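One structure is given below, encoded as structure tokens.
Chains here go by letter, A, B, C and D, matching the order in which they are written, and residues are numbered from 1 within each.
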Amino acid sequence: MRYSVTDQVQHLAERLRAFARERNWEQFHTPKNLVMAIAGEVGELTQHFQWLSPEESGLVETSVEERQAVAEELADVFIYLVRLADTLGVDLIEQAEEKIAKNEVRYPPDLVKGSAKKMP
Amino acid sequence: MRYSVTDQVQHLAERLRAFARERNWEQFHTPKNLVMAIAGEVGELTQHFQWLSPEESGLVETSVEERQAVAEELADVFIYLVRLADTLGVDLIEQAEEKIAKNEVRYPPDLVKGSAKKMP
Amino acid sequence: MRYSVTDQVQHLAERLRAFARERNWEQFHTPKNLVMAIAGEVGELTQHFQWLSPEESGLVETSVEERQAVAEELADVFIYLVRLADTLGVDLIEQAEEKIAKNEVRYPPDLVKGSAKKMP
Amino acid sequence: MRYSVTDQVQHLAERLRAFARERNWEQFHTPKNLVMAIAGEVGELTQHFQWLSPEESGLVETSVEERQAVAEELADVFIYLVRLADTLGVDLIEQAEEKIAKNEVRYPPDLVKGSAKKMP
């Protein structure tokens, strides 16, 4: 299912806003609590990968069920991230584009090529 | 700065793919490592909020500098999340829309209204 | 149950070393993997507290079951922390005592009293 | 520096309690906030390991400075964990010994030997 709106992240933010309002859950959605919710979901995501070798973590050999479980964890992290950004009035797309632009200047390919020590 | 592409998240994913390729950093961007990078950035985000009360965490009173720092942390989390999803072939927008649809059924407003115990 | 050994953390470390060896799990207990295991357990711990107000988080009103669940999460974090420190040859007690000594000098009571902004 | 007290973790807990009291920081040390502080420190710890291969993460090749930095991150996680346990009235040593005893029963060596899938 794809939404044909111009701004897909904005669509998610509005849907999540309605979701919280209809359940009277806005009271719990303080930025502090949402940051913790992100941390909790990232913890779940981490548990899927903690015992895998870097090669195994490509998931090529794993089951359809495991792939779906990981995709849902990504969605959970993303959902709380969108909700937090909306609560704080931050435009995720704009901030990410600007941050990448910054990193492109900060890490010139010639100077950092292939070195993990130079990574952000 | 707004990108007028239909799929803004896809635009970010492609820009990040080029960013990694030009620096020969693809070798470090295994799913396992990217999950850790997300966890690290979420740790930084958490540190901005850990001593704030829920009310203070709304950031209304904080400085422009602090607002900008938090916005950048959100961008950092988002960037690694987009990169990880791209590496795993997961469509973040689609998965998030589906997960919200699931949650809308799973948490009927009448049954969970105003109760934190019933929250995901 | 209390162990009358001089060094209780060392006792835990040795018990965990034997636990891993008997299951042939030493191969998975690389520092990288153990760091992820800690992050995963901290995520679970976080989920117990994310929707609570700071006051509620004192747990005074919560059930015996919830108290026990939180105590077990603390144990899980501690277990992986002891195992990681043992793997890296780090003495947790010694390092913590030294770090507190450093912080006592770095944060003079008169200068930081009651201010969250001055906290580590 | 070693403390000759019977209970070294208890010694740390008492020292941290005094540290907070002298700075009037007890007001910030709610369990919720301390959980976030642990998550933040674990994020820092994670950043030391995110781009390393599992083999490199053994740290044998890394510098004295990096080893010391990692040891300090472990101390930071441990310090907040001890402080949180003290605030909640949880005995870390006792809970960890009990949890290991549980795991010894739950994961019989013969059934789980060498399999990451069977790991907690």
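Simple rule for what comes next: contacts are C-beta pairs under 8 Å (C-beta built on N, C-alpha and C of every residue); 3 or more make two chains touch, one makes a residue touch a chain.
Because the structure is a prediction, the values reported are computed rather than measured.
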Same-interface partner of A-B, chosen from the options B-C, B-D or C-D, over half of the pairs matching: C-D
Contact-richer chain pair (by C-beta pairs counted) among A-C and A-D: A-C
Chain A and chain D, separation of their C-alpha mean positions in angstrom: 26
Inter-centroid spacing, chain D versus chain C (mean Cα positions, whole Å): 3
Sequence positions of chain D contacting 2 or more other chains: 28, 32-33, 35-36, 39, 42-43, 46, 49, 51-54, 116, 119
Of chain B, residues touching chain A in the complex: 1-4, 6-9, 12, 15-16, 19, 22-25, 27-28, 30-33, 35-36, 38-39, 42-43, 45-46, 48-49, 52-55, 57-59, 67, 70-72, 74-79, 81-82, 84-85, 87-88, 90, 92-100, 103-104, 107, 109, 112-114, 116, 119-120
Contacting residues of chain A [partner chain D, same complex]: 32, 35-36, 39, 51-54, 116, 119
Touch list for chain D against partner chain B, complex: 28, 33, 36-37, 39-44, 46-47, 49-51
